[in-house]
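These are the structures, in structure tokens.
Consider the two complexes below, in which chain A is the common component and chain B and chain C are the respective partners.
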Partner chain A sequence: MGFHLAEKIKQCYNALHNATPKQKVVGTVLLLAALETVFLFFHDSAVFWILAYGLVTLALIFLVLANIIKKSLAAFFFVVPALAIFSIFYIYPFFKVLQLSQHAWDGISPKMVFVGLSNFVEIMKDKIWWVSMRNAGYITLIALTFQNALALALALACDRQIRAKNFYRVIFFIPPVLSEVVVGLIWRWIYDGDYGFLNYTLNLLGLHQLTHNWLSDPNTALTCVAIIHSWKGFGWGFMILLAGLQTIPKELYEAARVDGANVWQSFKNVTIPLMIPVFVLVMILTILGSMQAFVLILSMTGGGPGYHTEVPVTRILASMQGSSMFGYACAQGLTFGVILMMVSFAQMGISRKLKQA
Partner chain B sequence: MMNRSGIFKKTLSSLPLFLLFAGCWLLAAVFMNGCGTQGAQAPQAQAAGKKIIIWHWMTDREEAFQELAKRYEAKTGVKVVLELYAPSDAYSQKVRAAAQARALPDIYGLLGEKRDFAAFIKAGHVANLTGAMEAQGAAWKNLLYEKALAVNEFKADNPYGVEPGIYGVPIDVMNIQMVYNKKLFQKAGLDPERPPKDWAEFVADCQKLKEAGIQGLVSGWGEIWMIDCLASNFAFNIMGPEKVLATIRGEVPYTDPDWVKVFSLFKEMADRGMLASGIVTMVNKSAEQNFANERSAFAFNGSWCVNVYHGMNPSLEYGVMLPPKVNLKNPMYIWGGAGSSLLVNDRSLVKEEAIAFLKWLTATEQQAYLSETTRNLPSNRKVSGSIPAILADFSKGMDNVTHPNIWPVNELPKVIERFDKGIQSIIIGEKTPEGLAEELAKLKAEEMAKKGNQ
Partner chain C sequence: MRLNKYTLTQHASGFLINVFLIIVSLTCVFPLLWMFGSSLKTQSTIFSDMSIIPGAMHWENFYLAWTKGGFGVYFLNSLFYTTIVVFGIVMVSSLAAYAFSRMNFPGKNLLFFMFLAAMMIPLPGSFVPLYVLVNNVRNVLLNAMAASTPFLLKVLPENFVYGTTSFIESQFYPRTAYILCMINVGLSFSIYMLKTFFDRMPKELEDAARIDGCSRLGIWRHVALPLAKPAIAVIIIYNALNVWNEYILANLILSSKNLMPLQRGLMVFQGEHITQYPLLMAGMTITVVPILIIYLVMQRFIIKGITAGAVVG
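Let's turn to the complex of A and B:
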């Protein structure tokens, strides 16, 4: 019987380990649904926490047993301190957010009012929330195209034997290490309608008709923010793509050249296929980073004019701080997290298919 | 290779270890559940040590506060530790987090609306100071401006269900009015001693300023509460306080012609080019720089600006004026009252010492020192005679002050946000006054229904 159990655990472990992105999505959704069900029954008592942590404990016992079977128990115990930290700083906050998302609470009062799923229903009907999602999507689109194209072009340039390439690497990595608030304030001055450097330059060039207040114009505000976000972020993509390019063996290019391939053909048939995992990584990081853009927006426009530069994180902050609706803000946070997770899983699935193709 | 019974034995022999681990885990769960809601407060100060900890956000007053803390320690032996957390947004978050963890200091300030104040009181984070205020023939209470105290007071019929009383001590007072640049007035051929009194004059003056190449009004309308403030001033003037409060109660719709008129004023300002460029995304600090650098002739700002402008441009020549009246029959109300207030933590171990310190801080000598060094209006009535001329001009507006925190009802948060953002949209030409009025009326009805269901 003992062996049978061990075999079952081993099978489950392997099944989890080898699950496809689709199965992982389904599994995560089912797990969340189970948690939600537990929560709906025990939302206001310690039973919720005991059950929630009980689930985590069961998962850990499962992992320990699987590791014993795989003869790696000692290795597992090295991970325990990290697991404890993960439990306190990730798992507990997650359950707390889950708990709060189903309450109406002002963040201070000792009493929270249980409202079930109505915060989530409210989010579905909240037009401004979906406007903010669209705005974040637009910033992400600009980042995926403009930012990553720039990062790739510069990485390709620096991958060649050019003079002072280390100097360029440092220069290109300066924007990401600058404070977002500082960047936002500097660019706000550059975009200023009356005394901004951009309008001053346009005037010098005789392009008076193009000058206007860039950040207060609903037609340009979001694009201006997206461009600065891309400018600030391209350095990360550049570094990762350059590292990826340097792992491609030079012999492959030499062989391609011997076979008569020109530069474009080498790029298309050698660089791109070998860089797909790196492209996927950069794209996932770009999507996650851009969807969560926040500080830059706060320092440049504060979400205005109107709702034109509002993004999900500014909406969460507005719910939490402006309106003291902590429960609603937590529900927004969870909804946003689930959307980002789905996007990431979808992208991993696509990349897997691309690699197979 | 391990045989079947070997695996099973190894598994069984490790089980006590798992159970111990699992037990610890579950204990941690129960413990953390307790921490989140029921945790006991860590003592912030030892009564025996006579140390009072104060959190504040007032960067411009830090030096003066430190000096006063030294004086207080020299006088009483009680050590006052001031901890500055800025900017105000970050401070606000810190106070909220500390309140949730029940780790607030002995004295702190609360930045928020009346409902936040009420929530803090109901959660036991604020001491009721009525007894101290009323002691010795209400000597302390009578020393302070009534309107400054009103912001910190909950009346018997307050809608928040808070026990009636005074819960905060104003350390200065403020009001929000308009200021105008006298030099730019002269440059445009206007009389620098005669600022506009009504809407028609304001429009005419802005027109003259525009013709002279000078921008009209600047304000930090990227921070939406400042739009809310001016719109509320106009609303009180046009329709009177009762109708505004009736709207908040849901008895008058936002589609009422008076409200449309309020929104139309912003459209008129935008259409006539009376507003500074980029005003809808401008934070108040930038607006203050704009006015201090003489780029705009008018600014809508609070009395704290006296200190700010002095720091930015000591030679700036400007005067104070009430926002222009639209309805000449009604008075022009402005927002004002307590500028900054400090609260005593009800759980503080040195509560009595904390109250004594605040009493000392608001005494005439300390208030005069604060007013002189920080250029803010004192909350102590007896100091008023010795304040600078420009502050004295601001203080004249105190007769006209009102504030959402003293209204018997407050607008719903979502409606406030849509109201302010909607005015931004009117200024950038995206919405019409009528369109915004319709939108607000619909949202108000939805939110009222939701509130009724909860």
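Let's turn to the complex of A and C:
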């Protein structure tokens, strides 16, 4: 019996494995929709929960029994600690988000009020949320252009310098190993309007008209934050790009030079085509990292002045800590997560197209 | 060397590239130097004296930050959390990775795929349900303790019962909750990293150990773990940096000052004493120095971890 079930699971798994990407996406969406419908209709009936928990428990007991028979229980003991921590702190929160996003709840009272999808409708109307989205987009844009251009330039420069390469590699990765809190607090002070080092230097250079209250001026605050975010992040891109550049065989450059290519031509025709997978990787990492960066903002500006440096995650934190709307916070988190997933799927699709071309 | 046009442009471009690299390196190091310099100034000179090396060194700022600023407590807390979490991650993830790599059991691929998916699916705001979870379990725990206190009082001395319950409530529970949350944060990456390492390791040594009568657990402990030292070093460094620099969960789970790690302590200090810049800078130096030392000593492992982590993501 146990053996039979394992075979069945294997067959299902193989079928899933062989599905095309399109089928996988459609299947996932359908499955989620079905779960959501069941959940919407039955979430407050006790029978639903008893059935759900009962089925899971039965499945677990069955698996354990089947495994005693198969004498592979030892393996389960190896996996159980990881699995327990993972299901309590990852899988449970995952479903808790789904549940809370459809309720209004202040985090304290024992009763949650089911409100269906109205949290999501509320998000659509929430102006500050979309402002925060735009801010995160702006920070990401700066990171994609300025930070990655800097990282690429540095990686190209270091690729030629054999002696000093390790030294620069160590130096450029110092900002990424620092914590966001420390980076934010240091730069907050450097940017300070009255006592900051930046204004001091500008005065020293005779550029009095440029001195500024950098972080409390709505016009400059977001750009300042974005630049510091790029400062903290370019080391990552530099490392990955340099590792990519080192895998390009030197013979290709020599062959290009023998054929009469100049520096720019060999960069365009040798480096770029071979580096496209690395570029896509760095871009995905930059987008996911920059959209979700928020501790730096908490320690630099706290979202101010006004809402000019708010990003989605600080809004989620504010809905939860500031206004005790846990359901709304979860709905925001879910919306944002789905948007991020779509962005990274789009990126992967584009990279696949590029590879085929 | 002949100075024709070609070598001249080569030298000029080499010079410009070096200038560019040095300027960027300076911006990377300057804020740290300035932070350290400022931590040696006094409240009155810090706003006027902009030099990196102050005239009079006030080393007592570090003593004041450590004692009065509370950074001594924060530092020890950070050290505590980092050691325990990293130890936990190494234990739990190496057990699981060994099973994923060497043993056969139903659902193996599915489970491993689950850990991989957890690494790739972005979950912004996952701190909300975690906070709810930690809070709910705390309430259950408090109720259970309150319900059992009358019975315990009959068999145990009063001081002991109240001492234990308040210890669990104020120290043991929040610390454990935070540690378990942080173990979960580093788990997926570590399992993936170790599994790929175990996969590439030769099986002959383990077979020899098995023939000599070593148990599964013994093989894991005496053969697999010692051989996986390079991968474990990467995991230790990567997770140690991660835990030391973590802020948001510490912010939500740990509310009392004697539980807080450094990052949280910095924000609290900054909120309470916004004007005491020298002490804040000293506190930040205390936060940064261990990380920098670990980084400089172990940087080749960190670089390995980054490239491995990047390939996953």
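Heads up, the rule we're going with is that the second predicted complex is superposed on the first by the 278 of 357 C-alpha atoms of A that agree within 3 Å, B and C clash if a C-alpha of one lies under 4 Å from a C-alpha of the other, contacts with A are read in each partner's own complex, and residues count from 1 in each chain.
Rule of thumb we're sticking to: a residue touches a chain if its C-beta (ideal position, glycine included) is under 8 Å from a C-beta of that chain, and two chains touch if they have at least 3 such contacts.
Predicted, not measured: the structure shown is a model, and the values here were computed from it.
J.: Would you sort A:G322 into first (chain B), second (chain C), both or neither based on which partner it touches?
T.: It touches chain B, and chain C stays clear.
J.: Go through the superposed model and pick first if A:L55 touches only chain B, second if only chain C, both, or neither.
T.: neither
J.: Of the partners chain B and chain C, which touch A:Y92 in the superposed model: first, second, both, neither?
T.: In the superposition, A:Y92 contacts both chain B and chain C.
J.: Among the partners chain B and chain C, which is in contact with a greater number of residues of chain A?
T.: Partner touching more chain A residues in the overlay: C.
J.: Applying the document's definition of touch, where does A:G107 land relative to chain B and chain C: first, second, both, or neither?
T.: A:G107: touches chain B and chain C.
J.: Touch check for A:V38: first (chain B), second (chain C), both, or neither?
T.: After superposition on chain A, A:V38 lies in contact with neither partner.
J.: Once the structures are superposed on A, label A:S216 by its partner contacts, choosing first (chain B), second (chain C), both or neither.
T.: A:S216: touches chain B, not chain C.
J.: Which positions of chain A sit in both the chain B and the chain C interface?
T.: Correct list for chain A: 6, 88, 92, 96, 107, 194-195, 321.
J.: Spell out the residues on chain C that touch chain A in their complex, using ranges where they run on.
T.: Residues 17-18, 20-21, 24-25, 27-29, 31-32, 34-35, 46-47, 50, 91-93, 95-96, 98-100, 103-111, 114-115, 118, 121-133, 135, 180-181, 183-184, 187-188, 191, 216, 220, 241, 244-245, 247-248, 252, 263, 266-267, 270, 277, 280, 284, 287-288, 291-292, 295-296, 299, 302-303, 306-307, 310, 313.
J.: Touching residues of chain A toward chain C in the complex: what are they?
T.: Listed in rising order, the residues are 5-6, 9, 13, 63, 66-67, 70, 72, 74-76, 78-79, 81-83, 85-86, 88-90, 92-94, 96-97, 100, 107, 150, 153-154, 157-158, 160-161, 164, 168-175, 177-183, 185-187, 189-190, 194-195, 197, 200, 231, 235-236, 239-240, 243, 281, 284-285, 288, 291-292, 294-295, 298-299, 312-313, 316-317, 320-321, 326, 329-330, 332-333, 336-337, 340-341, 344.
J.: For the complex, give me every residue of chain B touching chain A.
T.: Touch list, chain B to chain A: 2, 4-5, 7-8, 10-12, 14, 18, 21-22, 25-26, 28-30, 32-33, 36-37, 89, 92-93, 96, 99-100, 112-113, 115-116, 119-120, 122-125, 215, 222-224, 276-281, 283, 286, 295, 413-414, 417, 421-422, 424-425, 427-428, 430, 454.
J.: For the complex, which residues does chain A have touching chain B?
T.: Going by the criterion above, the answer is residues 2-3, 6, 46, 48-50, 52-54, 56-57, 60-61, 64-65, 68-69, 71, 73, 80, 87-88, 92, 96, 104, 106-110, 113, 115, 188, 192-195, 213, 215-218, 221, 300-302, 304-307, 318, 321-325.
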